[in-house]
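Listed next: structures, encoded as structure tokens.
After this come two complexes, each holding chain A, first together with chain B and then together with chain C.
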Partner chain A sequence: MNLRKYLKVYKKFLHTSFASELEYKTNLLIDLITAIFSLIGSIFLLSIFFQNNENIGGWEFKQALIIQGIYTILNGITNTWFNPNLTEIVKHIREGTLDFVLLKPIDSQFFISLKKITPSGLLEIMLGFCLLSYCIKINQINVNLSFITLSSITIICSICILYSLWFFISTTTIWFVKTWNATEVLRSFLYIGRFPLNSFSFSLRIFFSVFIPIAFITTIPSEIFLGLSHSWKILLEFLVAMVFLFTSRKFWLFALKFYSSASS
Partner chain B sequence: MAHNIIDVRNLSKSFDISSKESGLKGTIKHFIRRQTKSIKVIKNISFEIKEGEIVGFLGANGAGKTTILKMLCGLIYPSEGSILVSGDLPFRRKENFLKNITLIMGQKQQLIWDLPPIESFYLNASIYDLDKFEAKKRIKKLSEMLEIDEELFIPVRKLSLGQRMKSELLAALIHEPNILFLDEPTLGLDINAQRNLRKFLQKYNKETNATICLTSHYMKDITSLCKRVICVHEGAISYDGKLELLLKKLSPVKEILIVCRSEEDAIKLENSGFTVKNKIKNEITIKVENKSITSSLKTILNNFDIEDLFINEPPIDEIIGRVLIKKDYDI
Partner chain C sequence: MISNLINRKLFTLLKVQYSNMLEYRVEIALWAISGIIPFFMLNIWTNNNLNESINISDVLLSRYFLCAFFVRQFSVVWVVFSFEEDSLLGKVSPYLIQPINPFFRYFAQHLAEQITRFPFALIIAFFFFILNPESIWIPNLGILFFSIISTFLSFLIQFLIQSIVACLCFWTEKASSIERLLFIPTLFLSGLLAPVVSFPEYVKSWIYLTPFPYLIDFPANLLSGNETNISGGLSMQILWIFLLFPLFKKIWSEGTKKYTAMGS
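Up next, the complex of A and B:
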């Protein structure tokens, strides 16, 4: 793989995406405002849960805010990259425009996963980091090299898991043609990630950790922030992320053999 | 002598297609237990195409032309048989192979809708690993050939269909491919836009010696671009050869309308042994076989007092229309 070429292409992706978004100024402005209000709404909702309870599942409000911060970053990444690109796969397959992608001398997964970005999602990512900085202050977290390394690794692993899940579902479009609903369900499940894993019942904890590891992707990075995480959990998240990434890649390459293109 | 750039041997393709009965009962049945059957859309076809050739694929809707093109460019895996395109197996979609080909579909577009075409060209240039200088040079050359200039800087959504198609062509040719697969490139274009596009393709083929495989329902595209045609009927090849030969075979007779100076001359001509289609006063229409057209004209001009004459070719659409419904042409 020619890394220089891929960086050059990605630079072009960024340029064309920004240029496309800037064509519709009002829409961009509304998206930015929505991102701010969405975060305010989420914190308000969380504060209502904690109004009559000092802690939920062993988590205090100021600790739960860390999960909210990580959720906001992941949601920002979802809105910036996954939503505009991975939902487009369905369109590519239904309308047959995947033909153009497959005939380009570039990795098709790279192309369809990163071609577009939604700039308003970047604001959400920034807001998430601001919230996390605030949480570091109120929870008096000691920021050192090991903290930065571990929190970065776990957040990146969470992004990989989320991406792989979404990409896996979108890939099934090659057989089922229309899978909008499945990706919508995944998005709904992502809301679960705003709450600590311990706040759910045992069976739900198993479901959201093993089958759809949504809670897993916010809880483990949050535990790093609070110094509560065990190394086996970090290793497990890393392994899960690698397995998910590898499987989704293999699944995509396998699925392409069944691509029949849309009729003209 | 040009070598074979495309070599297809005993190629077949089957698709699993589901069918549904009408009505609510049919819909529920279709939802619960979908009945699919395997349909062979391409049936054991073989052909070769030489470098620099322009070949037209003719066939009715659903005959399998687009499926053949998509297998040739590596989008669809063949069920049986082998394909070699410039020495590569297309469905492996290796980088070098992809840099050598392009696919243009009249009904689908790859340009970024909200941006001027120039942005898509530079994006494609980076995908094909061209530096900015080389990309600029190629865009300039191709835009001159396609006669587009200001359109490069207007958002795609505001361009006319003709301008958009020219931009699509430029985007698809920026890497200077050797093999072009064109699926109905003139679909929906007006007469002038169609003519310009044909002119461009002729010029591109002449200048680069690129091989062009073309499908089109506009006969003018086929007649002005392709010397050779491959007729596809229900997934099988019904004719593969020169277009001229096919037309001669399908239309062995020409009609000549002769305007004689007097009605007496017309009567004389009527009784001279030609096959007469009709006669109105001093105008007489005769049918002459293609092979004897020169000698017949000589006889008429030498022996009769002729005021004017017209040789009528049967409409090409009508002739080709006959090809689309016939299974085999042994020429």
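Up next, the complex of A and C:
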């Protein structure tokens, strides 16, 4: 019953945010072109790296494209859901409108994370899937049931980790008030997700798998595509995702205790 | 006498904005950190020996990326986002009454932000030198002087381009999506992620006719002591400013005629 209520509310969210986004139609069109150019730019950059080299970090060009595809999907998800919603937390807290969210008879994390949607990000997700299916063709990947389940599990885990990272940083706003730029720092760190982890030096690799698990986000799903992944890695990613989701939830509830609304 | 007046006004604006920026030191420190992408790129380049094929030694390449980081730090422009917000909220109206072009206000804001940013950029450079002691160098005074000028010119070019885009707010209300579109070629073609010399021939043949390589690649090459044509680069930068400035004046005068204040 509860789930039905949330589904119904989410439908309303979709409806209102689509309506308000479609208000600026040219904006939407320009965003679509931006998404296409952005993908072309990334592939161009990748092609520079492979100009005179057969492989970087043990990955060939056509294999590195898989990482690019997964990154594009995740980036699309970030632009569709995480970015518009979680940067809003900053505004809620500065202007004291978080009060209205907390008063609603609905889970505050649900409301804050899913209220808005930016439709132009959806194209990026589609572009990512197109690139991936092209990669499946050129890498001659055998598509079977276990491949599909494993790759979707790992990608869903990546989405969970990504969401938790964004949510963590946005939650810190409750103490620091202005963390608009902290998400910008996260964005620049996420940038390295476009490249295979092995192409970085050892110290960076450690940093990005232990402190900020960006390494898991794109590299492990790509390894599934190539059939290189070990089961312990998949299990590890699953565990990391669960721990992140759980702690981000706890962190939000903990942070709310410190929220004293503005001007009251 | 007129120039004297502008100088005094600009100086006052600068002082006001500088104290304003000092208020948000942490925010600016975070901005500075979010610009470290060139270092990740450097890591990929040197870790995979990609620079051998373009005949740049490790040391010169690391200096190049450090300089690219510096040039980027001092040529970041966000005028379109400020202007869009001000115009949506109707704040532009009081600015228009003042006896100074509102863009001077934004200009002072950017300069003040750069002054605030300087120590943070130095700290990041300090850490870079601790990690890469072999890349320490001291550019001679003449080179330093010219690279500061070319960085400032690069900032001016970007400021003019964004101001032109910002003026489109008079027509469309939301111009930041155009800026995001323009940011894609700036990101990939300016030399922030890969030096322009490494680009394939089919790009190199036309790229020097666009403003992009003069934004980061040229000043960074100059400062880091890589091979570059000083007089050619500087004159191209000045040429672009001379092309863009009349365009800005034109679109500004057209736009202000079109402007209808919000909420009045």
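Throughout what follows, the second predicted complex is superposed on the first by the 262 of 264 C-alpha atoms of A that agree within 3 Å, B and C clash if a C-alpha of one lies under 4 Å from a C-alpha of the other, contacts with A are read in each partner's own complex, and residues count from 1 in each chain.
The rule is simple: contacts are C-beta pairs under 8 Å (C-beta built on N, C-alpha and C of every residue); 3 or more make two chains touch, one makes a residue touch a chain.
These numbers come from a predicted model, not from an experiment.
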Handout entry: Clash or fit, chain B versus chain C on superposed chain A
Key = fit
Problem - chain B versus chain C as contact partner of A:N142, first or second or both or neither - result: neither
Practice task
Considering only touches as defined above, state whether A:T34 meets chain B (first), chain C (second), both or neither.
Solution key: second
Exercise for the section: Check whether A:Q51 is in contact with chain B, with chain C, with both or with neither, and answer first, second, both or neither. Expected result: second
Exercise for the section: Go through the superposed model and pick first if A:F200 touches only chain B, second if only chain C, both, or neither. Expected result: second
Exercise for the section: Pick one for A:I192: touches chain B only (first), chain C only (second), both, or neither. Expected result: second
Exercise for the section: For A:S231, decide between first (touching chain B), second (touching chain C), both and neither. Expected result: neither
Problem - Touching partner for A:P105 - first (chain B), second (chain C), both, neither - result: first
Exercise for the section: Counting touched residues of chain A, say whether chain B or chain C comes out ahead. Expected result: C
Exercise for the section: Would you check which partner chain A:E95 touches, where first means chain B only, second means chain C only, and both and neither mean what they say? Expected result: first
Fill in the blank from the handout: Superposed, chain B and chain C have a smallest C-alpha gap in Å of 7
Fill in the blank from the handout: Check: chain A residues flagged as touching chain B and also chain C 24
Problem - Complex contacts: residues of chain A adjacent to chain B - result: 2, 5, 8-9, 11-13, 15-16, 19-20, 23-24, 95-97, 99-100, 102-106, 257, 259-261, 263-264
Practice task
Under the touch definition given earlier, write down the residues of chain C that touch chain A in their complex.
Solution key: 24, 26-27, 30-31, 33-37, 40, 43-44, 47-48, 50, 53, 172-174, 177-178, 180-181, 184-185, 187-188, 193-194, 198-200, 203
Practice task
Enumerate the contact residues on chain A facing chain C in the complex.
Solution key: 24, 26-27, 30-31, 33-34, 37-38, 41-42, 44-45, 47-49, 51-53, 56-57, 176, 178-182, 184-185, 187-188, 191-192, 195, 199-201, 204
Practice task
Going by the contact rule at the top, pick out the chain B residues touching chain A in the complex.
Solution key: 15, 66, 70, 73-77, 93, 95, 98-99, 101-103, 105, 107-110, 112, 114-115, 119-120, 122-124, 126-129, 155, 183-184
